[in-house]
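Before I ask anything, here is the structure I am working with.
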Amino acid sequence: MTQTTNFGETKHWLRTARTLTEALPYMRRYAGKSFVIKYGGHAMVNPELAEIFARDIVLLKQVGINPIVVHGGGPQIGQALDRLQIKSSFVDGLRVTDAATMEVVEMVLAGSINKQIVSAINAAGGSAVGLSGKDARLLGARKVTSPKGDLGFVGDPDRVNPQVLSTLGAAGIVPVIAPIGYGETGETFNINADTAAGAIAAAVSAERLLMLTDVAGVLGKDGQLIPALTLDEVRRLMEDGTISGGMIPKLETCVDAVSGGVQAAVILDGRVPHALLLEIFTKHGVGTLVSRGAAA
Amino acid sequence: MTQTTNFGETKHWLRTARTLTEALPYMRRYAGKSFVIKYGGHAMVNPELAEIFARDIVLLKQVGINPIVVHGGGPQIGQALDRLQIKSSFVDGLRVTDAATMEVVEMVLAGSINKQIVSAINAAGGSAVGLSGKDARLLGARKVTSPKGDLGFVGDPDRVNPQVLSTLGAAGIVPVIAPIGYGETGETFNINADTAAGAIAAAVSAERLLMLTDVAGVLGKDGQLIPALTLDEVRRLMEDGTISGGMIPKLETCVDAVSGGVQAAVILDGRVPHALLLEIFTKHGVGTLVSRGAAA
Amino acid sequence: MTQTTNFGETKHWLRTARTLTEALPYMRRYAGKSFVIKYGGHAMVNPELAEIFARDIVLLKQVGINPIVVHGGGPQIGQALDRLQIKSSFVDGLRVTDAATMEVVEMVLAGSINKQIVSAINAAGGSAVGLSGKDARLLGARKVTSPKGDLGFVGDPDRVNPQVLSTLGAAGIVPVIAPIGYGETGETFNINADTAAGAIAAAVSAERLLMLTDVAGVLGKDGQLIPALTLDEVRRLMEDGTISGGMIPKLETCVDAVSGGVQAAVILDGRVPHALLLEIFTKHGVGTLVSRGAAA
Amino acid sequence: MTQTTNFGETKHWLRTARTLTEALPYMRRYAGKSFVIKYGGHAMVNPELAEIFARDIVLLKQVGINPIVVHGGGPQIGQALDRLQIKSSFVDGLRVTDAATMEVVEMVLAGSINKQIVSAINAAGGSAVGLSGKDARLLGARKVTSPKGDLGFVGDPDRVNPQVLSTLGAAGIVPVIAPIGYGETGETFNINADTAAGAIAAAVSAERLLMLTDVAGVLGKDGQLIPALTLDEVRRLMEDGTISGGMIPKLETCVDAVSGGVQAAVILDGRVPHALLLEIFTKHGVGTLVSRGAAA
Amino acid sequence: MTQTTNFGETKHWLRTARTLTEALPYMRRYAGKSFVIKYGGHAMVNPELAEIFARDIVLLKQVGINPIVVHGGGPQIGQALDRLQIKSSFVDGLRVTDAATMEVVEMVLAGSINKQIVSAINAAGGSAVGLSGKDARLLGARKVTSPKGDLGFVGDPDRVNPQVLSTLGAAGIVPVIAPIGYGETGETFNINADTAAGAIAAAVSAERLLMLTDVAGVLGKDGQLIPALTLDEVRRLMEDGTISGGMIPKLETCVDAVSGGVQAAVILDGRVPHALLLEIFTKHGVGTLVSRGAAA
Amino acid sequence: MTQTTNFGETKHWLRTARTLTEALPYMRRYAGKSFVIKYGGHAMVNPELAEIFARDIVLLKQVGINPIVVHGGGPQIGQALDRLQIKSSFVDGLRVTDAATMEVVEMVLAGSINKQIVSAINAAGGSAVGLSGKDARLLGARKVTSPKGDLGFVGDPDRVNPQVLSTLGAAGIVPVIAPIGYGETGETFNINADTAAGAIAAAVSAERLLMLTDVAGVLGKDGQLIPALTLDEVRRLMEDGTISGGMIPKLETCVDAVSGGVQAAVILDGRVPHALLLEIFTKHGVGTLVSRGAAA
């Protein structure tokens, strides 16, 4: 009497086990460290990617990493303004934010998108709490001034009070942050989500600032992905014009974060499913890593 | 050479000291206890009252009480729906809440009103964090059914997970809660703020459920304020018709809370400045106190 | 049917609430800080003032301040010596303390006055523990030498071991200290209560040393109360003779305490009821504040 | 070249080591347990015995036992009353304590004897804090009534609040307690020291109540020391008249303590130097042990 | 200019991510739970499997599980006895263990095999501490008696003191246990490793007892693996003779463990690489699970 | 009726008490300090001395000292190698340790001697856990090179990870360490026990390194025991040839330990019963104390 063994299944099992084993050194290296994740773009808009993102966040928390999510606004703000027939003008790509606009921006960011992300993480088995920069005075901001005109309530973070993040983190809760800031005299400020994420990452001395974008990363002149850049190299690529357009502010955020004490910042392709896990738990990583030295 | 003494000032000083002294026994009695405060109506809409409310909350926290704020929606929801030209029908005083309405309700409650209250408490020197019932799975709900028609996403709380409240409270942070619930299959529910406050008060075994309203309290047949009611007395007054109209669901919430373990529930006149302090720190109290026995 | 409102009462209530609100910023500023209070004179002898004092101490503890009481001897020591027909001589205002006198001084201070204060604080709802400088080696002293003759067991504090104060404070207990010191070879020393309070205030890096006296504070040449003095100004007033008599050692204690790390020292009029509360919780303060710079 | 060995010294050393070794099982058994020690009589009056007592207490604390000392008054109270020409009458061996007498009793107990014991323990290298029953509301009492006349301020303990004892004990401090109680309406009560020790031992569920007396222990009809008694045996010896005189109230205290949760009570001969150590750390023990069963 | 994407690599990455995601629910379910793992047979003898085992243990610890390893002896004991020319007789498959044999058994188990496993776990990035049942009195045993003759120092566990396991576990250390027991009078006992693992699993109320064997699991009459058995079913299969030979004592150990409070016991095929991970982190599981009800 | 007193017994009791009292100052001075004890020679081989040693260790732990035992190998290694007919050659007194020898050394040290010491301490009422340098990566080593030939697996400690020692110590457990080290590439190293003890003592900043030897201590030219040596004096005695032979490496270990932060190292006569207690708890001490200055 013999026992038949299903070799196909065994092969699948082995792959499962091997994958977990390969992830182990990364789990050990990053246990207890904070990862600030800028969440936006396709990864947030696409329902399937959003669900994957939520599960990935829960996994990070489970294996001992301390993820902090900072989300952007997506197309929902524009839609809400349209429905309310509030017109926006733009200066240098920044939406001029008058009081009425600011009110809508805050409601959409803190009242709608933020809660969707919280719900998704909870549904994936985690425990998340949504915050705006007003909560526990997390994110103070001051008005951005532009020579090209008044931008209204567009703000830059100028003080971060990260204590609530460690309170929540220690209680097993993932903080999800809407990029709203409070002004010294009670104003509400609209902050660029990348900038907010960078400031928070610096304030918590994060191990990584992971920026989910809709591009593969930083591309060289030959169109190939550049896997890693030092601060010096970033500066050179900006000067010689290799980097241009929307990638410039993103890289500036990365440079600021790394200068401010973050170990490394990564510009990731959020369109790839599980981009977070791939970056954190595999040898290859994805996207472009910016660090002080050759590689973090 | 003599020293002149300003007797007028001295008199004022003495009053100050005496007041503090009179408040002492209440501070000692309530230290470490949770007070759930349903916040809404004039107290929330009137800017001056709102500022007073925020300072009162900070004071409660300072003297060792653990305040938990649950707020309602006020007229802002109606205004937002109007601006978006979303029409509402009502069944038994409850707004029929379709998906589009729910979206607006959540944005206004969790994204606008909630953050205003948080900001006011922070501005008064405290530290507040805004939560909706989705955050950390605070407030689960199930659909309310009515024989008179489908109410849409109107929900009743059916499970409270108050752990995040003690996490925040222990960290010196005041939780401010928007009455939004999550459903088992991912729905968002609009919960009556009184009901939400009652459910949370029971879940934390609150010392008091304080409901700020726009009336003086429960009035007797003679139009006089009734200062205290037992559960039995409430029942009798309902049966004999003394209590009617909007006061009925409020008292039912009080009865449920007290039955569920809250020491006492108070229907307060939120139009009176510092109604909270008066109720908590003076002999007289204000409004109508509902308790199991003769008086708590 | 209308409801009558008692406007007189409402007015009183409002004042109550406003007073509490005005005290809030002070509560927040001083929470967790140590206040060493030298207690003596009328405030201790007058039964009504003594009861007020006890309640004020309980209030300070309740709102998060850490009060430490150091008391003097009052007329009771003289009475006890008289009854026992022990005669005292004085050198420069200091009682020459032989062994028999020292025994009586200790019994009166540590066995009678100390326990009265403890009982009063307990009766006001607090929890106090009486200590002499011998307990847990709180206050070591060395003999005071005078060119005018042997003072006997009159001592100056030369080492403070404040650990027991934080042990008790953390357990919610107010320490009440009799100014008795222990010598290196087992002697018992009579220490001036002002000096003892100053040494303890410095040892715990107190926020304030509050000295309850029977005068309004430091008076200028014009007989007017001087509300605040810097260390430099104190020196100048001593040099030009404005300050004289018993105020000199009191101010020297203040100067030593502030030089030794206390934020500020205040000479208060203990004859004013609630002098402690007025000083701590109102804008005006009472008495004369001595601090390093212009004002603490 | 040879090395001379001092055999006499070696022998002494060995004895030292053996003694420590023999004490080890007792140290292990009693580590972390509370021992309430009634201290009085010769052991307190004799300077040499008093110094030995202090060192023994420090040793108990060092090896992990939690000693709590309750002391009596000794002849000092009588002397003080004599000097003050306050006359005492006695009812059934209890001093009738009027207000003037109570004042002296308290001063002598709490202000003189208590502080001497505290100083002795500190001098022996420990850290002690003196308490009266008023401190931290340790010992509440009610008036003792007698059919033979009014005893004045003689009290019986009716509530013990031992929290301060564990606060101090956990901080490495030995509590030394004067048997003074506070009444419900502010009276001061003189409590029999044995009774006070018994009540405290029961309140802390002590491992042992050790009563230092001036006799060898309980003697049988044949004049021999009875090493151990059960509660039943005590009752029988009282009934048949073997036990009489001052030993009766002492044994009643032991019986009450053991009935109230103390593991065992021992009547010790305080005239023997190191009676505490002998009782605790040697096989023989000294005096008479009272326990529920045959032997504890 | 286009960017080439390596689709093969991407596919591999995705699989990696998906595997981690699939393991997440198991990580969450088992976080904080103790898993006692009986380690022996091929999994221990084969160097490659041994290295995989060590890495798997480190992974379990990393994701929040608390693994406790109990190992057997393998062929090394026989080899050592052979080299020392110590002959063994067997009674019912148990090696008769005289004093000389016991000495060798202990040295090989606690001094050689145990330290190899510790080293392997350390080399894989974990932190392990080797224990025998003597350490911290972990495993007390009594002599096994057999009607067929004296078995010498073969013992059965009769008391487990698991405190050291939680001390080490809380410090991030994996305990690795050699199945040696101590007797009441100082004997050393050789304990069957399966039995030792079962006793320890019961003592820590383990979530799982995982027994790595050299068979696929429990086979039915048809030679097919039985994936799950209830206690009742085990009994029935033993009675009808389906289970026989060496599987009987293994299943008895499982039954005892489950009866003693372990959630479930699994007989695993240790020849399969990563058998632990497959059992714990995949839907299929491997081997035969024994639980109280239908399936745990 | 008189009571007879047994004076002989009383005398014995008094001696007991006096001895405990004399030990008190040492208990207080050393409470909470770590004592690393090199255990070997007669003290380990002689059954009576071994039992005394175990009891002494338990006593040290009981009175608040933190003992850490490092043991040597004794004659058992040679016997085991003889029985296995493994021949050893020696270079400069060090056993050339090939792989086969190393295997036996490890089994004897970690599997036999270590567990005997653990059992003895447990039997004396303590709680011990045996460790080798592999456990929790306690002791890393590198190969010792000699100009006279390859010594095989003889190692010198080059990194100590003492965290597990404080984990166990805080849990009331005495660590007992076999001098086995792990190499960077997985080798097992045989470390001289004196050297291992010295390295561990330095790593934990021990109060004392106590080396139990089979000599009286360091002898001067006149054959008399030298009670204390400074580092300078040790150097001088080595240079002038007073110290020679096996004492040289022992003193070098002492010098290294004291230079590395140990307060003092003592070479003790382990043949004297209770040598540990005599050294620690008596004025005389035994053996030779090596310290930075004149005497520690």
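Chains here go by letter, A, B, C, D, E and F, matching the order in which they are written, and residues are numbered from 1 within each.
The definition used in the following text is that a contact is a pair of C-beta atoms (placed from the backbone, for glycine too) under 8 Å apart; a residue touches a chain by one contact, two chains touch by 3 or more.
What you see is a predicted model; the values in this text were computed from it and never measured.
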Per the touch definition, the chains contacting both chain C and chain F are D
Find the chain most remote from chain D, comparing centres computed as mean CA coordinates.
A
Compared with chain F, which chain's mean CA position is the farthest off?
B
Rounded to the nearest Å, the gap between Cα centres of chain D and chain E is 56
Whole-angstrom distance, CA centroid of chain E to CA centroid of chain F, is 36
For chain B and chain F, let me know how many angstrom lie between their CA-based centres, rounded off.
68
When you check chain D against every other chain, which residues touch at least two of them?
none
Based on which chains touch which, is the overall arrangement a line, ring, star, complete graph, or other?
ring
Let me make sure I follow the ring: beginning at chain D and going to chain F first, which chains come in turn?
D, F, E, A, B, C
What part of chain F is in contact with chain E in the complex they form?
83-84, 103, 106-112, 114-115, 118-119, 122-123, 127-132, 134-137, 163-164, 167-168, 171, 173, 180, 182, 186, 188
In the complex with chain F, residue positions of chain D that touch it:
1-5, 9-10, 13-25, 27-28, 31, 52, 55-56, 58-59, 62-64, 125, 216, 219, 222-225, 272-274, 277-278, 281-282, 284, 286
